[in-house]
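What follows is a set of structures for review.
Consider the two complexes below, in which subunit A is the common component and subunit B and subunit C are the respective partners.
This part shows the complex of A and B:
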């Protein structure tokens, strides 16, 4: 491991990988990435793998749209020899309550104004998109054909190998234990394998972002929470888009491989670092998904697991620096949708680190917005 | 009731296990009519008929057959009466079953009432 660097990136998930790649692409020479376990071992490798533009806030819409633009050419850009399993077969988001339906009309108007071509569907139109769907009790849905799926492991690996080709020093089982600051400037990252002197340290530590921020005295309004998920055996084609409902708190998508990935939020889930899994989840998930997609009654579950959401008070990420602390940047608190925002965030954070103007203005996603009271909660989350 | 098949691939005398007489049933494999014992694993009846390739792999379409024999490995998946992903090693043979070699993921499951 190198002892000096232009920047140290903390975290070997998709966010850290995308930042490291973009730093090198934009001209930084000496980038060191420290991951305390292996790549994708935190939230990235446990996520639902969906990518969508259909958000309820301008900030999330723009980040997601820019990211999908990048996902479309990512395999070429990163010169990755394997399939990223990127598919654009849409997201179909179901409305079962009046409140949801009203919100969706606002969401689609906002999305359309930002160039996202989502549309409202009647239950009949939803069934044309997903013939297996039970539309009983459904008021309507929104659909956007550009949304879809990508493989989080391949995407992260693609960023890391591209970064390595350009000279990144990527270190696994290397845990940052302290960040040295002097005179309001970042000086070094201290790890269990030695100290790396660097003027820039970037916190992309996912669920561990809060303890990492504490190393520089920054108190982030984050909490972590378990979200459970399962995968079925691979089967023949059942559905194209991700089927999602916010009021039921559920999502389900068939991957290009044929298996179905699905999850359901639990409003009673305590905060913390538990990543065990429960029988209750299997039971609730099976009951609810077989009501929406009855054909899944005969599809077997092969595995269940869980991962952590790192949640902010407004379900938007916290991006950028901290006043009075030169050289510290963070890309944290993605609230369950970091994977799909990674391409745009990787570039934005790299641009900030190099003193450039970010290609998207994310100044309203700084850490200070909560104290200033300048934030609006994203309504469209599971 | 016919209880004896002339194939010679089955163990009939075993120091511990008994193999009581069982009814002979007719089923089809890829449309071809075959016979086996009622209640034996589908894989046993197919093996007795000399059929070794039960499934082909997802990506490269390579042959897959009888392997773990206890329903764990997904090597012997077949399509039974249109239902994919049936484990031939643990599913019991019934009269009139329509059994087919599964190619990759097989056909999509159909909605059932």
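This part shows the complex of A and C:
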């Protein structure tokens, strides 16, 4: 491991990987990434890996749209030998309550105004898109063909191997235990394998972003929460798009590999770092999904697991620096949608680190917004 | 073309060959989890019952570690694939 660097990135999930790559791409020479386990050991390796532009806030819409633009070119740009399994078969988001149907009309108007080509669908139109769907009790849906899915392991590894090729020093089983600051400036990252002097340290520590921020005395309004997920055996074609419902709190999609990946957002889930799994989840998920997609009754579950969401009070990430602390940047609190934002966030954080104007204005996603009371909660989350 | 042992299927569920395992190791994988993430080996219906040991011994050979140091990567339930239809019918008792 190098002992000096232009920047140290903490975290080998998709966010840290995308940041490291973009730093080199934009011309930084000496980039060190420290990951306490191995790549994708945190939320990234446990996630649903869906990507969608259909958001309820301008900020999330623009970050997601820019990211999908980048996902479309990523395999070429990163020159990666495996398939990233990026597919764009859309997201179909179901409305079962008047409240969400009203919200969806607003969302689609906002999305369309930003160049996102989502549309409202009647239940009949939804069934044309997903013939297996039980539309009983459904008021309508929204659909955007450009949304989709990618393989989180390969996307992350593609960024990491490209960064490494360009000269990054990627260190696994290397935990950052302290960040040295003096005179309001970052000086070094201390790890279990030695100290790296660097003027810039970037917190991309996912569920551990809060303890990492504490190393520089920053208190982040984040909490972590378990989300359970399962995968079925691979089967023949059942559905093209991700099927999602915010009021029921589920998502389900079929990967190119043929397996179906699905999860529930449980509002009663306690905060914390538990990533165990429960049989109740298997039962509840199966009950809900076989009602929506009855053909799944005969499909077998092969595996269940869980991962952590790292949640902010407004379900938007916290991006950028902290006043009075030179050289510290953070990209944290993705609230369950960090995979899909990684391409744009990687570039934005790298631009900030190099003193450039970010290509998207994210100044309203700074950590200070909560104290100022200048934030709006994203309504469209599972 | 002559078959080499690279053609041997190590993970039958996901159709992963020894050659693919070796390529992942050559690309820097040192743990079972990394190999699983790169190749899908061990992610199928049997959850690695057969291939884990084969992969662990290949890793041991290439890294100089003991097989015992390499095992086990996480073993995930359900151990036997069950249909969603029967899972949906599980009882209410012991609810969360």
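Following the convention adopted for this analysis, the second predicted complex is superposed on the first by the 382 of 382 C-alpha atoms of A that agree within 3 Å, B and C clash if a C-alpha of one lies under 4 Å from a C-alpha of the other, contacts with A are read in each partner's own complex, and residues count from 1 in each chain.
Heads up, the rule we're going with is that contacts are C-beta pairs under 8 Å (C-beta built on N, C-alpha and C of every residue); 3 or more make two chains touch, one makes a residue touch a chain.
Everything quoted here is computed from the prediction, not taken from an experiment.
Engineer: Would you check which partner chain A:300 touches, where first means subunit B only, second means subunit C only, and both and neither mean what they say?
Structural biologist: A:300 contacts both subunit B and subunit C.
Engineer: For the overlaid complexes, name the partner, subunit B or subunit C, with more touching residues on subunit A.
Structural biologist: Larger number of subunit A residues touched: C.
Engineer: Touching A:165 in the superposition: subunit B (first), subunit C (second), both, neither?
Structural biologist: Neither: A:165 stays clear of subunit B and subunit C.
Engineer: Does subunit B (first) or subunit C (second) touch A:106, or do both, or does neither?
Structural biologist: A:106 contacts neither subunit B nor subunit C.
Engineer: Figure out whether A:185 sits in contact with subunit B (first) or subunit C (second), or with both, or with neither.
Structural biologist: After superposing on A, A:185 lies clear of both subunit B and subunit C.
Engineer: After superposition on the shared chain, which partner residues are touched by A:73: those of subunit B (first), subunit C (second), both, or neither?
Structural biologist: The answer is neither, since A:73 touches no partner chain.
Engineer: For A:237, select first, second, both or neither according to whether it touches subunit B, subunit C, the two together, or no partner.
Structural biologist: So A:237 only meets subunit B here.
Engineer: Determine, under the contact definition given at the top, whether A:258 touches first (subunit B), second (subunit C), both, or neither.
Structural biologist: A:258: touches subunit B, not subunit C.
Engineer: Can you give me the overlap between the subunit B contact set and the subunit C contact set on subunit A?
Structural biologist: 233, 257, 296-300
Engineer: Tell me, which parts of subunit A touch subunit B in their complex?
Structural biologist: Residues in contact with subunit B: 132, 233-238, 257-258, 294-300.
Engineer: Show which residues of subunit C lie in contact with subunit A when the two form their complex.
Structural biologist: 27, 30-31, 33-34, 37-38, 40, 43-45, 47, 74, 76-78, 81-85, 87-88, 90, 95-96
Engineer: Considering the complex alone, what residue numbers of subunit A touch subunit C?
Structural biologist: For this pair, the touching residues of subunit A are 38-41, 45, 82, 153-154, 157, 161, 231-233, 257, 268, 277-280, 282-283, 285-287, 289-290, 296-305.
Engineer: Using the touch definition up top, name the residues of subunit B that touch subunit A in the complex.
Structural biologist: For subunit B paired with subunit A, touching residues are 58, 74, 83-85, 104-112.
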